[in-house]
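Labels run A, B and C following the written order; every chain starts at residue 1.
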Amino acid sequence: MRPVDRYLDPDSTVRYVAKELYETIADLPIICPHGHVDPALFADPDYRFSSPTDLFITPDHYVLRMLYSQGIKLEELGILQKPATYEPPNSRAIWQTFADHYYLFRGTPSGIWIQDSLATIFDVDEKLSAENGQAIYEYISKKLQKPEYAPRQLYKRFNIELLCTTDAATDSLVHHQAIQASGWDGHILPTFRPDALLDVAHPDWRQEIDKLNNILGMEIGSYGLFIEALENRRVFFKTMGCTATDQSVLSPFTTELSANEAGEIFQQALRGEISADNGRRFTGHMLLEMARMSIEDGLVMQLHVGTYRNHNQTIFDRFGTDMGGDIPVQAEFTRNLAPLLQKYGNDPRLTIIIFTLDETTYARELAPLAGHYPALKLGAPWWFHDSLNGIGRYLDQVMETAGIYNPVGFNDDTRAFPSIPVRHDVWRRATCSWLGRLVVQGVVDMEDGSEMAYEMAYGLAKKGYELE
Amino acid sequence: MRPVDRYLDPDSTVRYVAKELYETIADLPIICPHGHVDPALFADPDYRFSSPTDLFITPDHYVLRMLYSQGIKLEELGILQKPATYEPPNSRAIWQTFADHYYLFRGTPSGIWIQDSLATIFDVDEKLSAENGQAIYEYISKKLQKPEYAPRQLYKRFNIELLCTTDAATDSLVHHQAIQASGWDGHILPTFRPDALLDVAHPDWRQEIDKLNNILGMEIGSYGLFIEALENRRVFFKTMGCTATDQSVLSPFTTELSANEAGEIFQQALRGEISADNGRRFTGHMLLEMARMSIEDGLVMQLHVGTYRNHNQTIFDRFGTDMGGDIPVQAEFTRNLAPLLQKYGNDPRLTIIIFTLDETTYARELAPLAGHYPALKLGAPWWFHDSLNGIGRYLDQVMETAGIYNPVGFNDDTRAFPSIPVRHDVWRRATCSWLGRLVVQGVVDMEDGSEMAYEMAYGLAKKGYELE
Amino acid sequence: MRPVDRYLDPDSTVRYVAKELYETIADLPIICPHGHVDPALFADPDYRFSSPTDLFITPDHYVLRMLYSQGIKLEELGILQKPATYEPPNSRAIWQTFADHYYLFRGTPSGIWIQDSLATIFDVDEKLSAENGQAIYEYISKKLQKPEYAPRQLYKRFNIELLCTTDAATDSLVHHQAIQASGWDGHILPTFRPDALLDVAHPDWRQEIDKLNNILGMEIGSYGLFIEALENRRVFFKTMGCTATDQSVLSPFTTELSANEAGEIFQQALRGEISADNGRRFTGHMLLEMARMSIEDGLVMQLHVGTYRNHNQTIFDRFGTDMGGDIPVQAEFTRNLAPLLQKYGNDPRLTIIIFTLDETTYARELAPLAGHYPALKLGAPWWFHDSLNGIGRYLDQVMETAGIYNPVGFNDDTRAFPSIPVRHDVWRRATCSWLGRLVVQGVVDMEDGSEMAYEMAYGLAKKGYELE
């Protein structure tokens, strides 16, 4: 039912070339250098997904937000209020609500991911609808209990070569340890995420420091010890296979503080007497510190910029994070990154990968910066922009100025494990369409196009994240 | 002369599908939920347009601005200085100036609207030029005097189902009353526009309050009475068929004031002693108040954001408003709308429709917000962006994140009555082209595409503005 | 090897029409109204380019930045540290480094320019590579010594009608004088660039004033004399054939100072006691003064907006300017240009041509402003955006609102003389593709499309820069 040349450029000449390029890369292994899949899935070889609802609806904030925007209450989707004051509907009823409103996803990336996951993983080629909702639920439910639908089996079937998770700096990495101890030959690597430790003005920061104290068996009473503790954790993550860090900031503001000033602000934070502005400056300073550490220990540094978290206070208060209420804001990179790049941007040992939700910065700031500083690379289209049009705009706005070798290919950034092959497939088809246009227009020849397709599908991610 | 598949996607495969979709919706009635047509046109059944010049040139700020930008004085186009110190050229001479410079509109939406209006309404298929200007003037002039060119007849011929005007909150709606009293079966509905009453720091604000005092026979001496007066006028508009309000703001800044503070600022305004900043805060507060009223009385709330009015002071001083000197500025929605959306954005009784001239906010802020908050919807591409490329960029940037069901279809936003069918036709052709690409790329099938075409041409506007 | 319809739209119908349009303009003479070619090339009839490296690599910051971003040191590319502490590699070795990394330019405008320059000027149709690098070096080197590769001969062969250089306001224009004295019939015109004299807060400003004192044989001790000196230099440039000025500003901030205030700030500057903010206000004021002078002496006024110069401090300190470290920042025009446009924007004697690196301002601010103010015109896509996609985005975002007659066609803005014909050719092909789409979509007919192609390739630049 789904055409083999789906998602490729609609122009027949371009599609022909794009398909030819696509065929050379369609079967390459999948590299997942950044994402949010739960490592617990792979720690237990007999893990099973409990229902189609738990697979496709409850954990997917893209799905929740769209349904919520059209008046469906989160309660009806099985999201539990905290504390929960009601019994959620059963999985089957939630699935039916989803099926009844499946038309809302027409033309969206979620629509593509769901449709293709159903087809490629479960052989469900029918379009989900109010009528067939229960039958499809039944059909998938049964399959999910079979051994071949265990995450480790799907990992193989998906042809994944390597999958990075995202883990708090204070995480014990117990699941990663279990995976490694099990002798399984899949590659699940942790990523070092220190956000909670660096947001010194956050009310919960003290708790985070206590966690760090506990895990290290020390008392972090000074800025110097704090730096030492972070370096210590990075060493531990590295021994567990980690090759990268990840930070999320509202603004990519960077600044260099003197050791004295950093020390003083850190003491204010310990006393819970820190101002918002000092918090901002400390975080901006820690971006430089993280870059310095990366130069020393070789971890790739990722920076996700521009999300206003939990915009919908009511929903956040009732249901917590990741309910679709994170909204992008404008970003500025040229001035904000100047202190960081002027200090470390010329160092060939450093790789900083930037992600943004503000597409206006691609052609104006990010591509020019990445096309100059040896340390700066560009991440894939992120979140709302991991879509056919979003990828198209990214390629259109980035590649002429930065070339294809300063970006680092694709990552799926997903917590929805079953959607991984579809997401990579959409990227591969979209890049081959873009390359097809270049070939038809005579900008590159087929030989170059083919090498570029390989790099964008596989090679660049591996090199960029030092996964080789 | 004009091809039947004009304005559709140039790719032949896409065009074929687009045309098929277009044919299913081309004859749907036209819904005009927002615009600036003068209701007086319909109050008098025997109304006639006086000349081609009065129809196509004098009231069209798109036409005036383009001619002015190329050195043609507004005086030559019949615009009267205030006070007028000269005799304007006659209609025929103005038309000739227009015809002489008609080439300036090549490739512009005005060019499309004029060309198609001439062809579809007057059967003028020739391209306007210096040579044929007088003959075409003559030909149209004669037609305009015929009964079938009266606005009420054109309304039927255009297949309009319903047309909303825009009316000051202090307007007596005398023309709407006349239309309703006449028993004519067209649907001309007023829209409640309170801008002049809410701009408390404007020098003319006192006059507006006096108008309101007069029309209500009361003395608005307090903030409480002011709110009451606004609610009172909304009730009156509703009895006249109104389903929506409309506000235009430079920035969508919102804030909640205490009743005390609002009351105090209101008194400052009455005394003419209000600061610019208090004016801004009061207006930001009134956006919340208008949302509260909409929840109570059910009127849909429209917000037009980001116009720097009367940028060209010289032209404004000499000729007044609407001479092409309104210029967009950057907008910010994520932070500015937070107070409003956090308070009322989850209420299913509320509909807020946002229009912007800053396209950079579509993918970054507006689509994510509309794809989450139940109360928030997106208006059609506005003003400069109501064009083939503008519509294309809108669909490209909005639909993947918000879906097609959070936007509310199209509105023409025009004061040029004869251009209405063409404007809707361009939108319909552009959406069918976009849908055609989705179908050819296998993102949606023909069945879905066809339902989406119907919604985007007709259904969504009707639902979004509660016109059912 | 390169297809004749290269770079045209990939759609076969559009390409057919685009090619037909292109054939009518491909042989039009080239107008270069703005650029940075060294006039010394034409002063000496026997000038020869010394090597392929000096032609294609060392002076091209696009090439340097891309190679540098991928870890190649500027030293390896023959760039001399100041003071130079090492022997640079020889030209042949540098060329080999370039050839080894030529793949980095795949899909970039540099890739197109290099490939087409090699093919059209030197008949090198092979793709440069590590293997053929030395042979191609040899082949080009030999050709460069032949008389037909002298700049004056290439000027004729390139079919250039007229080429403007960019020259400091304090320049003696000695090369222009030599060219004119030589009786050669090429047209090389100077452009008046006063930036260094207007940046009153810059540490080197006093030196610039001293240069001006010397060249005029006067002592500029007051604001009045400063204005007089500038006017004086403009007169001299005009006698040398100059028709335009050029200024580069980080922000297009404009403001009008009283003569007193301007005088006072000027004295502060002379004393070296000027604040950054007064510097900014003085420069903003001088934009109005430059507009006033343009009204009086008829020179077209160019404004390049939004470059953060020398972002990479380390590289700047070691190698100086133009090493690829200039990075764009956001721009704002609606509010910033208001004082200038309100004072002079309605004057038909004035032409201000704006260039930007912030594409978000095209549809939002610049096209609306240029489509209204008689004095305001839009420059071609600048720098990073002088590319197939950049031109496409420019046409898409500008033309519907401003029409094609408010922009002023194309300029190559290059210091790389041999790339001039390719750059114009890419523009011509891209505009014909855009026009081809308009024709296929029925927005304009072939007659209009053909006139538009002529204007965009040739007529508008000539008119806009008053080169007729």
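Worth pointing out:
Definition applied: a contact is a pair of C-beta atoms (placed from the backbone, for glycine too) under 8 Å apart; a residue touches a chain by one contact, two chains touch by 3 or more.
The structure presented is a predicted model; accordingly, all values stated were derived computationally and were not measured.
At the interface between subunit B and subunit C, under half of the residue numbers appear on both sides, which makes the contact a different-residue one.
Rotation angle relating subunit A to subunit B: 120°, from a CA superposition, given to the nearest 5.
Look at where the CA atoms of subunit B average out and do the same for subunit C: the two points lie 40 Å apart. Residue positions of subunit B with contacts to 2 or more other chains are 11, 360. Contact residues on subunit B toward subunit A in their complex (touch as defined above): 11, 13-14, 332, 334-335, 338, 341-342, 345-346, 348, 360, 363-365, 367-374, 376, 396-397, 399-406, 436-438, 440-445, 448, 451-452.
Taken in their complex, subunit B has these residues touching subunit C: 2-3, 5-12, 65-66, 68-71, 103-109, 111-112, 127, 308, 311-315, 324-325, 327-330, 357-360, 384-385, 387-390, 393.
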